[in-house]
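For clarity, chains are labelled A, B, C and D in written order, and residue numbers in each chain start from 1.
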């Protein structure tokens, strides 16, 4: 662990020296991280690769995680001290597929669901894709790294639940309005990451406006490698049958229209 | 935790801010320390109060522990980082009874068994008692804090297993020679702390030369408060029967001649 | 709402001021903790298991730590029921503790005899029948692992005492609920569970057991999920109150047991880790009740909502 | 001594190159790990439990972490034995894995049918009969919790296959050794134990179970002391090899099981925590053998020295 930047009382960014993982990571992939020593907590936890860190000569030095405190491991990672060794396995899972211009990329992030979009925005930027980030949080102080996205030329559409920044309410509201307003023959790819409800709404809205949508789902993951079958998502296949698909192998990025939302 | 001074690859001294515990502690008493977060490791571990720390105006600010790495908790305490909170309960148990001059105090320490003698030496020094420390370790580099004892006017008799400092061999050898050489009417109190074998030898030697002996025993302690009955020592009572006595309440300092050594 | 919150629970005829009981063997005879913990503030104090006679127990080492748990084989060292009544009970009474006496017998007659003696003593609130100690041959497991044994010992003791009678069940059985049922049928006022799991640990360097008794009983957080399941199973099987335990370390854990079906809970190993746990537990439960607008803690008992769950499962 | 160290162990007619087996349900079908772990370097790979037909298993959440352990109720999602043979076995064979197929049946006939199919397949080293899955109604617990059920299913499968047959025992019983005996009597080549402990965890804020199936199976370091005790009990009861498991996280834990009486061991949950554990385990065991001058790892099995211990204890 080479840096721990606490952004708020719940959020921090952890920088890890892990050059080979970072160099291999694609936007949307994740790493499995072991917090604490001993057997409690026991299992690793999945985290999106937030940033790929580089030195002056642009050599990859490591990666960072955007961490939100919600339980045992995330609390340990929030309080991690410099120099601690944090085991990190990856990159794992299927990444987002970045589109090419002239298709526009509309990213939809809820809370810590921002994490995979920093690297995705980089990839889109280097492909010259016009991108928009729809980003919702509880309050203004929990909207992070806006300058990073602005710097990449990403248009920002912000919402907060308390109205302290951007539009008041849910992030799917402006998304839907914009989709409704857009010409059907102007191609858009929707990317989404955030709470289950937000993902389901986003996927349904995308279907309604006939847009493809890649969602990054969040399941409790025991292994991240396909070994435990803990992380399944019900997917509807063409014949209408529902199959349980392991989101660590087939995902975390999955086609939103095929997920059988509850 | 306010300081962690690593003395060797196995030993360190941890300073804790715990003024009220430190102020109440008598030589030979111990504290129960919880290392790590979470439930693994689960239980606290017993540690002798090594030093009582004071500020410039001699006000008590905390205490230190002399820690030797042997397992999970002691390894965590060895690697503890500044600012960590380490829960510490005490002071607990029956302390050494310091003698008064002209009785001499002969302290016998094996390895980390040195821990209770720093405070005892202080107490003896302030009572003007002539003191000798018989101190055995594996090698010269594991004989610690000699200057502290010299500074208190304690005579040092050192042994190492490899002969790299002092006499080669066990610490009980010079103890026995000195007891043999001493006039029977010149009173001596023997104090001992260290591995079980060393304690048993010391107690037997003391009996042989008809000297009282206070030994600080080491048992696995679940609670330190008399609740679990894990820490018992078999003690022979006057009627010859053996009773299991809780060393956390009746000890850790016990009369060496009454312990039923295996 | 604070002032009106009711933490009391009923175990048969006995009312506990709150559902928190110090578990037997983990709180000495209670008196050891009298200066650290206000004994009167606890729902109850279950004292260390007592035989008729004094016992010295097993040699050390008697405990060893395991992942998120500990193994113990104390061997029921104790002062016997008569010395307990003379030497400890008066102080417990003076401290206004609600005393639950945990008793063990090598024979059915010994259980009966101890219960008779306790029934005449002043200041005993209830008897917990330890028929589940895994650490000694005569620890009651011959009763606790047999349905007729359980029924017989509970019935026999029932005849000689009007004190609330609480058989303590072992988890080392295929179907713990049937033992709860046998206890209820025999007239028990409640059952408590779980006692420890028979377990062992080996020092691989010496190839010898880590505790002198070879095997011991596993307690602590490690076992909590199994204990909660067992309480839940018993809840479906009997109407008498259940006292749940096994690895409770905070108020949330205690509430988990109550939601699963425990009317009261005991805390053992966690008291070793933190003897100041008791007021934290009480405050934590009160705080939870406040947040969830629960006026009587008894209303929490057995409120597990399994509606959403796929109920396709086997309770062994 | 290094060069001559013999890590191989025998399970009936089968020789494993070392005692380390990936536990069923914790290593997918093996192929998922083929790029991370040299499958041929393992003593064996026990693949995920298979029924005759495909199954989708339980809805999420399917696992939850508990102190030093985890609960799972996957519900035996799987591709069925035929697809396994066509889709996975060829790659396992190509990777030179020693494949132990873990099978489940809703009925005795299903166990027999699957075993018959597997006996004709190329590249199956042994059959592990899962009669102990706590998570589904038809998970074999009706066999695994009854002595006659165990005897009957093992006998029936024995008649149709010459493959080494390894019933996997549940720990959710009073006397696991009697199930080992019933298995041996019915012709099993070995027994493996333990499967998971039936357990549950409740979210106190919602008062709902933390996994969709309400109850699940507890695995991980938390259960190790109980599992070691059970292996030790079985060792006194049967002569056939025992494959021990439950919470093994390092070489020392594996050796602990072997000293208690296991000829081989399986590692499940720890593989989730560290998929690179396998070479560490092998090196750790080799290193131990070197330090203790043990030439054949098989010589370690059942060498627990209880001489010093007070042997006054009850194996329930």
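Observations
Convention: a contact is a pair of C-beta atoms (placed from the backbone, for glycine too) under 8 Å apart; a residue touches a chain by one contact, two chains touch by 3 or more.
All values derive from a computational prediction rather than experimental measurement.
In terms of C-beta pairs in contact, A-D outnumbers the other of A-D and A-C.
Chain centres here are Cα averages; for chain B and chain C they lie 37 Å apart. Averaged C-alpha coordinates give centres for chain A and chain C that are 47 Å from one another.
Between the Cα centres of chain C and chain D there is a gap of 33 Å.
Along chain D, residues 59, 67-69, 220-222 each make contact with two or more other chains. In chain B, the positions touching at least two other chains are 38-41, 72. Taken as a graph of touching chains, this assembly is fully connected, with contact between every pair of chains. Of all the residues in chain C, the ones that touch chain B in their complex are 25-28, 32-33, 36, 48, 56-57, 59-65, 67-70, 72, 74, 77, 220-222, 249, 269, 271-275. Residues of chain A touching chain C in their complex: 38-40. Residues of chain C touching chain A in their complex: 67-68, 221.
Interface residues of chain B facing chain A in the complex, by the touch rule stated above, are 36-41, 72, 76, 81, 83.
Against chain C, in their complex, chain B makes its touches with residues 34, 39-44, 72, 87, 89, 219-220, 222-223, 225-234, 242-244, 249.
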